[in-house]
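The structures come next, written out as structure tokens.
Look for chain A in each of the two complexes below; its partner is chain B in the first and chain C in the second.
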Partner chain A sequence: MATATIEVRSTRVSRPPVEWRPLLLSLPAIAILLIMVVYPTIFSVWTAVHQYNPMLPEMDRFVGLGNFEHAFQDRIFLDTVWRTAVFVVVAVTVEFVLGFGLAITVFYLIPRGSSLVRLALTMPMIMPPIAIGLVWRWLFDGQFGLINYAMKLMGLPPQIWLGNTTTAMGAVILVEVWQWMPFVFLCLYAGLASLASEPIQAARVDGAGPLQLLWYIVFPMLKPIILVVLLFRIIDCMRVFDIVFVLTEGGPSNGTVLYPFLIYMQGFRYFNVGYAAALSWLLVVFMSILAGLLIRMLQKGSARVA
Partner chain B sequence: MKLAISYGQIRRVAPTVAYVVVLAFVVFEVFPIFWMISTSFKSRWDAFRLPPVWLFKPTLEHYFTILSGKGWATTPVLPLLINSVIVSSGSSLLALLCGSLSAYGLSRFATRYSKHLAMWILSTRMFPPVAVAIPVFLMMSNLGLIDTYWALIIPYSAFNISFVVWMMRSFFDQIPVELEEAAMIDGCSRIQAFFRIVLPLTLPGLVATGVFVLIFSWNEFLFALILTRTAAKTAPVAVADFVTLYGIQWGQLTAHATLISAPIIILGLLFQRYIVKGLTLGAVQ
Partner chain C sequence: MILVAQFLKTLLSFGAQAEVTYEPMEPTEPSRGKSYRVGKGVSCLVPFLVLGVATWWTSSLRAQEAKQLNMLYVGVEANIDSVRDGAKSYEEKTGVHINIDSYPQTEWRERMFTEIAAKSPHYDIWIIDVPEGALVANHSVNLLDLILNPAVVDSKLLSPETFIPRLIVQSTYDPKHTWNPPMELQMPTYTWQGPVSMETFQKMKADGLGFYGIPFHPNVLVLAYRKDYFDNPDYQARFKTKYGYDLAPPEDWKQFVDVASFFTKSINSNSPTEYGCTLMAKKHESLYCDWRTWLGSYGVFEIGTDMVPSFNSEKGIEATQFYKDLMDKYKVVPQAAKTWTWDEVTTAFGSGLTAMAMNYHRMLLDPAIEQKGGQAGFAMVPGERQADGKITRAPHYGSYYLALNKYATHQQSAYKFIEWLASPDVQRSFAKYQFHSSRRDYYQDPAVLSKWPEYWKPFEESLEIGYSRPRLTVFRQYSETIQAEVSAALLGNKTVKQALDDAACEVIDLFKQAGYYEALHVDPYTKQPQCKH
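Our next item is the complex of A and B:
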């Protein structure tokens, strides 16, 4: 009997006590996140299953999944999803190709000027998007814009850049590329600078040309950082709002409405709050998948570059 | 005839071509910022002149107009900038305080759940803010906080806490626990050890993280647009005022945009080496 008590006690002692301090110290942070992120997300569930318009409270009624069903029959929504997909793919591809090319060029061919180039290319990323969007609107101006002036100098016909769906979309992509191509450049430049030189020298001794070196040695070695950079860009591109708001206001004829801007229009211009909440949920679900991927990579630290 | 270009010839011209290409990209990236600043100093006649005038008599007329509130903006620019300063510094301080506490806990007392907690906090960073815009708006209206500083300070710190936790945790991880333990053996309490040993050592990291949070909050537009009207309106929101029925007031607008961007450009120049690290959440140093 006595030995049994001792045994029970010893197992209890061997189990470490629960460590409450991380949770305790995180409480203020968790509280703010619960109020500003978790509660609003859960509240959106309620709105998403209602036809809810704050201007017409008497019309408020439960519609179940009606808002979601409506979304998949809504021409504007389906067009926006397609447009956003095109925007993300084109913008991220161009950013990556230019950024990668520039990183290779600066790193291998002009090592001496690199710090100046990096300083200059840091600026666009941190500028207020709202100021950026406006300056570009000024540059794209049909009458007084510098871009049309340059077109005239080259003997090309001037365009009403922001007045035509295709060129307006091109303008939004250009501004996005302008602001974030430097991000790809700076990350990949840091990646190149951190690569071990032995494999490259070994391949060179074995007679590999510059393009072979790039494709078979440098590219595979950079792969982890490339994946992280691409995920960052894809996630950010899916959240673009400010640039659209000032550069084109979604126009002409909704031609540059991207997903976040559609949520804004439905919620704050047409007051279809229930519908906007449903659209928000679809975006959150999709982005959570991408974010999960990225977080797993960051947590593993596999892409860490010093 | 053999192909006339040899590998050696390519090698010789490559650096020159590289310089030209890289220079073109640098000009492309910097020019819009230069153009914004230069337009803001042009008189309304010079601003519209084509071919553009590169050398002109600079004028401060647009700055005086927006400072006095006689321009197209409904409010003079100074109160807007003050609002921006209050909101961004307030939210940054709140995010730094709560975030650092949490980061210290997660770094020093590793347990089974701390990894999951850290991941959950980080996941809020990837969240599309527009998805919570409506519920936050309704919540703020119900609390009567619309058009107050708190309506922006709380959401901004929420969006930045994940960033602070993630960055500060890596800074705390770099400081050997032995330093604190030594101090505690010498008679410091843990709190004293934190303030006397850990905090001074992580101060550069804390400052860099703070600069980032400050830039994010300063630049934020969507929440400022929907949650403020006049009293707490921040400077980026006022940009829309210059898009008038009579066209866009480019001189005043670029002056306004220059005023918003100036602090960011200065911070960017001072903290350039931290920026890539911050934007990649520490994945790239």
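Our next item is the complex of A and C:
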């Protein structure tokens, strides 16, 4: 006798199974992101709108935009913004002019010795900024410094390089340029090496001289690389801290206090953490605007080249 | 590791269970129903419970035994070598290991700040620089609770009567508001003359004061000079001919200028040194400390009891102008001193550049100079001679103290260690490291005086009359405001009066924000009307 088998099907509508495993596996990364990025960001926003000094919790209170308002009334802050702007403009301009000039010279005039020059110029970049600051501090010393010693040998009057507001700022710029001009040089040198040779040869055939070649052919073709280099250097210069910390500690008077050093002073020396957070956010906003403008210029330049 | 692995396994099995719930085609076995899921949930909690119990058990055990104490210390500024030596001896004696983390002053401060911000119990003991005390006091243990507990204190080790009394005042605070001007003004009679005794601590407790640390390794400004030149008969004769009195370490500022001029080559071509003296005039804490030595000698306390600045008074301006004149008018100090701190001053004196220099430790000459007969002598820093002939000296001094972390667990064990470390006998044993003791008897001890007696005498005398910094919750900002303005005056960017007036106004703004005037019901603009805006 044959038996009939009846298959009983469930009447429940089956839902797609939830995939827990991928979520669990990415949990450590998410946790790290939350702990290291998201939480500090939210906390720094919270801090920026509070008068917050962890050493004096009884003084903590919500101040809204008070810290930002205070910044724009603070003479030291306004002086520092101006000083930082001067520093960035001068340092980046000098770095660019020297780096570009050196890249052109080495690439076109001494191609055989270029590896040696590149090696020599890489040295300052790989040195720790603290060591650089200490070495230059002794070089600039008004009594025992090698620079003044050399000047004496040449019959020039010695200078108190770090004891005068103008020369101290000049010294900070010089050290910054000494360390980072090679970066500009290397980037532009690599850019020159990657340029197509046909337009240059065509221009030569048409009778273009070296300066015309440089201005009308090489410079426009290098423009995207130049903008990237400038973007990096401007952002880096706005973040300079270590050289100032070791070389001058912001002195003489407040003559070399740059923006990051001001944030450090407010946050870690004075424990005005709320105010320091507000200053940091102002810097972030300003740098974002500047970076946005440069990237836009870069995109426009790329579109034109295309 | 096993617990973590088990925890992860349980979490993963939870995920697997969720899949089972949505799998109707393969119904779960009846025995693996609701009770199974509850069982899984409980098993997930087990690791947490185990971890919690383990943590509680471990911490209670630590509280009982205190086999190790953690100490946050500075470096050479407070003679770390002696403390390491002391910690080793203490471990041999008691079996308690002292783990010392030492940092240079700036890093120590930042480390301290992060520890306190996190209310971390890690460090049992902190060394505190007095001006920082106003910020740290309410995070430290009030030692009166331990000192006045007979079951804890060992009065022989504590030996309060041997402390230099003014150092005791340095770690005494009113917990309600820890800020105040120099203690000389705030508490002119309180334990000032001493001697300190257990009754002093009882009185402090009755008056609602807090005692937050045992004084340890004070530093005071002492004048170093080239003894070989000062004792040289030829120089002595020349000096007497020129100035009409004997060549000796200067007592007052007039003599200081004479002696410094005599030893400055551009003024006296026969001088064996390039400059007469040097200063620490970089925009740095050292400049602030230097400046207040001059200010104090002119009888000016920088802040009044009402917390209104007084450093821009006529005398304050005169004192600052004199400090500047040493570089620019008398030219007895190298211009490079405007970029120097205590480190460069040590180098300048050690290398033989100057005949005199002032610093907070016993400065040495380079071995090459010593081999040629070079000798360093020490004396008190000069002062301003008054109309009655008395000299007002105000060498800047700073003191450290050993404090206990309020958030740490081993407070009694930590107290026992610092009481022992700061005890007279132990401090005496540190003499070989040139330790600066907080005890009076140390400086009378023949064993201590047998080595470097020429240094200890002026050191102790200076300590007894030294001029301490105000204790402020905004101390660093206050100090750096003054540094920046005095530095501007030294550079000639501002006149001395303008710089000090600007500094006074900035300090008033700062103190106002810190709430000092509100707490004292003081209108600072009555005394400083130019600051009202």
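Assume the second predicted complex is superposed on the first by the 255 of 306 C-alpha atoms of A that agree within 3 Å, B and C clash if a C-alpha of one lies under 4 Å from a C-alpha of the other, contacts with A are read in each partner's own complex, and residues count from 1 in each chain.
Everything that follows uses one rule, which is that a residue touches a chain if its C-beta (ideal position, glycine included) is under 8 Å from a C-beta of that chain, and two chains touch if they have at least 3 such contacts.
Everything numeric in this text was worked out from a predicted model, so none of it was measured.
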| item | value |
| --- | --- |
| First, second, both or neither for A:Phe232, with chain B first and chain C second | first |
| Touching partner for A:Val18 - first (chain B), second (chain C), both, neither | both |
| Touching partner for A:Phe144 - first (chain B), second (chain C), both, neither | both |
| Which superposed partner A:Gly207 touches (first chain B, second chain C, both, neither) | neither |
| Chain B versus chain C as contact partner of A:Arg269, first or second or both or neither | second |
| Touching partner for A:Gln299 - first (chain B), second (chain C), both, neither | first |
| First, second, both or neither for A:Gly155, with chain B first and chain C second | neither |
| Partner touching more residues of chain A, whether chain B or chain C | B |
| Chain B versus chain C as contact partner of A:Cys187, first or second or both or neither | first |
| First, second, both or neither for A:Met59, with chain B first and chain C second | second |
| Chain B and chain C footprints on chain A, overlapping residues | 18, 21, 24, 54, 144, 268 |
| Chain B residues within the chain A interface of the complex | 7, 14-15, 18-19, 21-22, 25-26, 28-30, 32-33, 35-36, 39, 47-48, 50-52, 94, 97-99, 101-102, 104-106, 108-111, 113-115, 117-119, 121-136, 138-139, 154-155, 157-159, 161-162, 165, 215, 218-219, 221-222, 226, 236, 239-240, 248, 250, 253-254, 257-258, 260-261, 264-265, 267-269, 272, 275-276, 279-285 |
| Touching residues on chain A, where the partner in the complex is chain C | 10, 12, 14-15, 17-18, 20-21, 24, 54-56, 59, 141-144, 160-165, 249-254, 265, 268-272 |
| Sites on chain A touched by chain B in the complex | 18-19, 21-26, 28-30, 32-33, 35-37, 39-41, 43-44, 47, 54, 98, 102, 105-106, 109-110, 113, 117-132, 134-139, 144, 146, 149, 178, 181-183, 186-187, 190-191, 209, 225, 228-229, 232, 235, 238-239, 241-242, 245-246, 260, 263-264, 267-268, 273, 276-277, 280-281, 283-284, 287-288, 290-292, 294-295, 297-299, 301, 303-306 |
| Chain C - residues contacting chain A, complex | 11-12, 14-16, 18-19, 22-25, 109-110, 113, 116-117, 135-136, 139, 282-284, 334-336, 338-339, 344, 347-348, 351, 353, 473-474, 476-477, 480, 483-485, 487-488, 490-491, 493, 515 |
